[in-house]
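Pasting in a structure now, in structure tokens, and then I'll have a few things to ask.
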Amino acid sequence: MTNKTKAIVPFSTDQEQSSLRLDLFTWTEVEEYLKDCKGVILPIGSTEQHGPTGAIGTDALTAESVALEVSKRSGVIVAPTQPYGMAEHHLGFPGTMSLKPSTLLNLIHDLLVSLAMHGFERIFIVNGHGGNIATIKSAFAQAYRSVSTMNLPLANSFRCKLVNWFMVPEVFHEAKSRYGDNEGQHATPSEIALTLYLEPMLLKKQVALPKPAPAGPIYDYKDFRRRYPDGRMGSDPFLASANDGKMFLDKAASALTRDLTNFIKEP
Amino acid sequence: MTNKTKAIVPFSTDQEQSSLRLDLFTWTEVEEYLKDCKGVILPIGSTEQHGPTGAIGTDALTAESVALEVSKRSGVIVAPTQPYGMAEHHLGFPGTMSLKPSTLLNLIHDLLVSLAMHGFERIFIVNGHGGNIATIKSAFAQAYRSVSTMNLPLANSFRCKLVNWFMVPEVFHEAKSRYGDNEGQHATPSEIALTLYLEPMLLKKQVALPKPAPAGPIYDYKDFRRRYPDGRMGSDPFLASANDGKMFLDKAASALTRDLTNFIKEP
Amino acid sequence: MTNKTKAIVPFSTDQEQSSLRLDLFTWTEVEEYLKDCKGVILPIGSTEQHGPTGAIGTDALTAESVALEVSKRSGVIVAPTQPYGMAEHHLGFPGTMSLKPSTLLNLIHDLLVSLAMHGFERIFIVNGHGGNIATIKSAFAQAYRSVSTMNLPLANSFRCKLVNWFMVPEVFHEAKSRYGDNEGQHATPSEIALTLYLEPMLLKKQVALPKPAPAGPIYDYKDFRRRYPDGRMGSDPFLASANDGKMFLDKAASALTRDLTNFIKEP
Amino acid sequence: MTNKTKAIVPFSTDQEQSSLRLDLFTWTEVEEYLKDCKGVILPIGSTEQHGPTGAIGTDALTAESVALEVSKRSGVIVAPTQPYGMAEHHLGFPGTMSLKPSTLLNLIHDLLVSLAMHGFERIFIVNGHGGNIATIKSAFAQAYRSVSTMNLPLANSFRCKLVNWFMVPEVFHEAKSRYGDNEGQHATPSEIALTLYLEPMLLKKQVALPKPAPAGPIYDYKDFRRRYPDGRMGSDPFLASANDGKMFLDKAASALTRDLTNFIKEP
Amino acid sequence: MTNKTKAIVPFSTDQEQSSLRLDLFTWTEVEEYLKDCKGVILPIGSTEQHGPTGAIGTDALTAESVALEVSKRSGVIVAPTQPYGMAEHHLGFPGTMSLKPSTLLNLIHDLLVSLAMHGFERIFIVNGHGGNIATIKSAFAQAYRSVSTMNLPLANSFRCKLVNWFMVPEVFHEAKSRYGDNEGQHATPSEIALTLYLEPMLLKKQVALPKPAPAGPIYDYKDFRRRYPDGRMGSDPFLASANDGKMFLDKAASALTRDLTNFIKEP
Amino acid sequence: MTNKTKAIVPFSTDQEQSSLRLDLFTWTEVEEYLKDCKGVILPIGSTEQHGPTGAIGTDALTAESVALEVSKRSGVIVAPTQPYGMAEHHLGFPGTMSLKPSTLLNLIHDLLVSLAMHGFERIFIVNGHGGNIATIKSAFAQAYRSVSTMNLPLANSFRCKLVNWFMVPEVFHEAKSRYGDNEGQHATPSEIALTLYLEPMLLKKQVALPKPAPAGPIYDYKDFRRRYPDGRMGSDPFLASANDGKMFLDKAASALTRDLTNFIKEP
């Protein structure tokens, strides 16, 4: 295997400086791509409440934007964003759409196995939602088992890696230093900032909010709503700005491009 | 239940003439929306080969565009597009990502049950991929069972409807009359046309292709590749134009807006 | 593979003009059969209400009779009839017994994989119930995946085909021309006619019925019963006669024998 | 609950002395039936090799005949025979069709829950195949859980009972006394005898066979075929006669009618 | 395969006369062990009520003690005891913890497949709970299928055997002769005796109890509690003594050591 | 709800200073216990390789000892230790027994639901294996959904908490300070130390080992073995001593007793 990042000659001048969106590739272009690079980025978000002023699609919007930017910088192809994840604890708020853990486990498993069948050897999941982490990790183990059972030629070099853009140290520390305790744990100013940068119409929804319920544990969805009545966990999203969002995007993309490059080069 | 279409006062002037994207709503806006309308649109596509010149994301791109347009015209909210579907038979072509039928069944089930928990009573699935049809229908039955077991208050009025934009009579007949036998059954000029309208960069990929393998039956993915070596089933996507795509979008959106309105009004 | 229909020398003179019932074969006879023909017929019905005068077993009785007749005419072996299918929407009527879609999916999957393990390459499912169609199609995709994973020698030539006897054009058009709108969509005169031919004791149950609820959409079982209070969807089964049933059986068997023969010969 | 056996006034004189076949009932007749009796018989067989001279459908044919006879004698309704069961260990012989244990578990579960939804309180499974026993028992526990979760009104009186006609003491001892060690454990003269009585054309397949492999343990299907090369486990089915079959049917039906009556009367 | 029992040179003098506990082995010791012996003992119990004086862990405690003793006498390694089993019918009593049949089926399946991957060819399950029997047997069939699909080198010699220590004839007859009808069917004096021998502190819980409800059928957990109000089924556990327990342990271990030895030697 | 820790009057003087083992309770004692305390401890380990000198049962032995000690100090009942967990990546080493993530998810789900049915409101899982974390968290969400669907009276106060004894800050920092980089990530001196304290016979297995492979990422089990040939990830377990183990047990139990007490008191 001779993985080279940025070595792929793009298929049109349009794409040269752009994200490499798998959904805009043809299968013949993917075949060509695989001769040079075995890596792929798979973004996943969630469709769930983000407080009274945050967009329900926050986790998918942000994960997608980070993934596209990492693709642009690394030359690694990016698959479509899976917009639905595991959001059981948010089901007490209208608009939340959640996959049961067992469903998400199978979904991620099937996508990973599909990619393995084509010879993708390094799957880099860019995740936008904390609630997905556990199940995605479980899915890795289940996919390794299947790939091994199927006796695919790549079984020995098939590897999956999960990164959460909001937990990238450069992002996390910046958010803490900028917002302090008001960063909170859900509907955080950092993620809302990124959505403001991506979707300016969301700015109109920004209003000052009362002091949020303090961040704490997460149990079932009824308890969640009782504990965090407006959906926020200790956060003040009114602090967010589109400029901050642009900065977080850059920091996340920069760090993850480095991680992805290393992941693909890993012997 | 007093469902009214178009009665929703949009939440900002921006949105007034726009699609109502659930992912850009806050949960409080969804709560408000549900007082006026119990309907929701859920687009689903697939990520699979579409011949040597068609985009792998064709089915998601097209379903999403139709769904957004129907939302704009009907004032009914539209959920994020599920980009992965059941594409087992296309797995012989690089880039195809497929959910097993059992996985897709659970995915659709979970999304439907989530919506039911919030009081959405009319779920209108706009589908872009023939391979999803069977499993989505199966999921309806499974979701009805769950909603009934959960004793949700809306159990008696919870209804799901599947529409396939490419099978809308107005679209189907126009495609047949315009392209004749060259419409084929996969990577059809009609769906490719719509992608050209949506993503102009795809125009560069359009090249004249040799005569395709004739459309025929679909079995497993190895047989599919042997039978349809370049992925097309009897189609000549080179006939497609962005203008045609715009027209198909209008025809599909027009017919489906009517269907959705009736569906929501249904006693 | 050299499939020959009608080439099988039957194992006894009794069977020569008879259906070839797998359940009356010995395994050594099946082994012998497979040297000449790789095809098998698998009938499936449903156990569900068919209006106040129709038999609950209508879909299994009719599918079985058509399958047996096709076997007789084609010389292709016929497996036992699966009498239970997906009938969730009929559960509001006593006597209906339904498999959840996920269960039916696994059931069909397992039967197909069993047949593949013995070298049956052409599985011809004769179905008597519309509610089974979606799930059977889903099961095909799931079975192809398993057969491929198992590395069975026949993987490249294993093919499944679903036919619905009541949707055979010759049957469908004759029913429409004979009964017009009174054919309806459930507990139709055409299917009831076939049961009258098969089980003369059912004639006593035939009585004139009030005008049925018009055919319409199908949602969950409570809605179904409210919408179609006596179980009929726009049909007048009192129009049915045993003679008609005999005729439908002949038309269905004739068309399907031709289809099956072509399916087995398919290269 | 006041269950009365034999109290049901049959719906036609034809049926008066006959088995009460659910598949020949209408739903209105089932509704009527349930006013008098909450019991139902559910036969299950298997489709699997029965040695070089025995019918593949032996277990379904025999279970069905016993169930019909018990219905006739007890006045309890009998559901269609499930012809496919768990026969994994017989898959080394052509013609065997097997459900995985997990599939059979769900199948039986779904049928039991369907019956519970209509108010059937006593489900009497008449089984013809040893390999089904374990999974059917597992399904009982799973169904009790579901019925309890669904809060059906009958939850407290819903009961399932499994009987195996070939293990009825009167049958078992007669077979042992008549055939001694030649009864064996699979493709036994007693079960073959019953098929000869039911399907006289099977008589032609009866030939003297070499001494069988002795009965022993059952592991996977390859081991099974190596251990029992012609499929028999210590049995000499050539000893079977149609007359014996008639006698076994009578003994089984007599004992099971008594058991069923007690089961239904049980407070 | 040249299995030799008792041929294993233990890894330390401590272990020489001891049970060979897998959990105290290192992986290198297991590797060494497998050169001499392909057998392994897997104990399974249940965590469920055992009447007002019996320990909830009775089934795990007893199965473990028998398994350890068999290991000591046979030199066959013993895996950790699975303490949770299928105890749905006991859920009406506080403290019972039950796996659904489908869960237990998968659990046993996974453990068997793990052992097969290492080359263990003879799995000897020592069970302490009647409610587990059906599901364990189902799991055997499911595991054989998986091992066969995985094409493991040992597929042809992989065999699983279930033994229930309380049904060993030497134990069963002794219990009947010692306690007569007071042995009953749940919370029996024989199993309680063994727990008294193993955990002397349990002696304090022994008190004379009123006449128990007579043993009878088992349906769902609410019916169970109504039928057997204190959890006992016809048993008088006050008859139990630690001395009896010691004797039962010896009888069970002696018989099962013989059975295990034969099982491993089996060609 | 008035949870009181340490308020339970033990059932015998023996138990007064002891762990409260659920498996040694009777159901009547559990009923009594629940009047005072709604908490329960559930230990879970894994059965997997721990390097060439570490016990395969390390994770279960350690989790169990910590759980028992926490029970002793808090007066909260402790359920039996689940000895098998998710250890897919260790399957390359003989003796490892692993549950697939989907199986472990269902297992934990079923145990949690059982406890909820009895009114346990605070489930405190003491885990000994990093590989279990993701799946246990997934299981919490799945269990909350089920408990909510079942309409159990406690649904609003049912809460699950996962703690990993080796990640308790007091333990983790002490290990780092004592062993530095030699703590590593698998078969660590801290966990081995605890096993030496618990099972002195393990001391004989302690030998000096060559420098381990450095800790790094975890992918599938074949990659794991290639990357970490003797099973260790950067650790030097030869540094471990029984005395250290005793100290770690005390630190873990002390911190977790405090956490559990707070968890139960939580309003």
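We just call them A, B, C, D, E and F in the order they show up, numbering each chain from 1.
Here is the rule we use: a residue touches a chain if its C-beta (ideal position, glycine included) is under 8 Å from a C-beta of that chain, and two chains touch if they have at least 3 such contacts.
Here the structure is a predicted model, which means the values were calculated and not measured.
Novice: Taking a step as a move to a touching chain, how many steps at least join subunit E to subunit F?
Specialist: 1
Novice: Write the angle of the rotation needed to overlay subunit C on subunit D, where the fit uses Cα atoms and the result is rounded to the nearest 5°.
Specialist: To bring subunit C onto subunit D, one rotates by 180 degrees.
Novice: Would you mind working out whether subunit A and subunit F touch using mostly the same residue numbers, over half shared, or mostly different ones?
Specialist: same
Novice: Between subunit C and subunit F, what's the gap in Å when you average each chain's C-alpha atoms?
Specialist: 54
Novice: If you average the CA atoms of subunit A and of subunit B, how many Å lie between those two points?
Specialist: 24
Novice: At what distance in angstrom does the C-alpha mean of subunit C lie from that of subunit A?
Specialist: Roughly 46 Å separates the two chain centres.
Novice: Please output the residue numbers of subunit C that touch at least 2 other chains, ranges allowed.
Specialist: Expected reply: 100, 102, 106, 149, 151.
Novice: Touching residues of subunit D toward subunit E in the complex: what are they?
Specialist: So the residues of subunit D in touch with subunit E come to 86, 88-89, 100-102, 105-106, 131, 133-142, 144-145, 147-148, 155-161, 217, 219-223, 226, 266.
Novice: Can you check the complex and tell me which residues of subunit A touch subunit B?
Specialist: Residues 11-12, 14-15, 21-28, 30-31, 34, 47, 49-57, 60-61, 79-84, 91, 93-100, 102-103, 106-107, 109-111, 114-115, 117-119, 199, 201-202, 204-205, 231.
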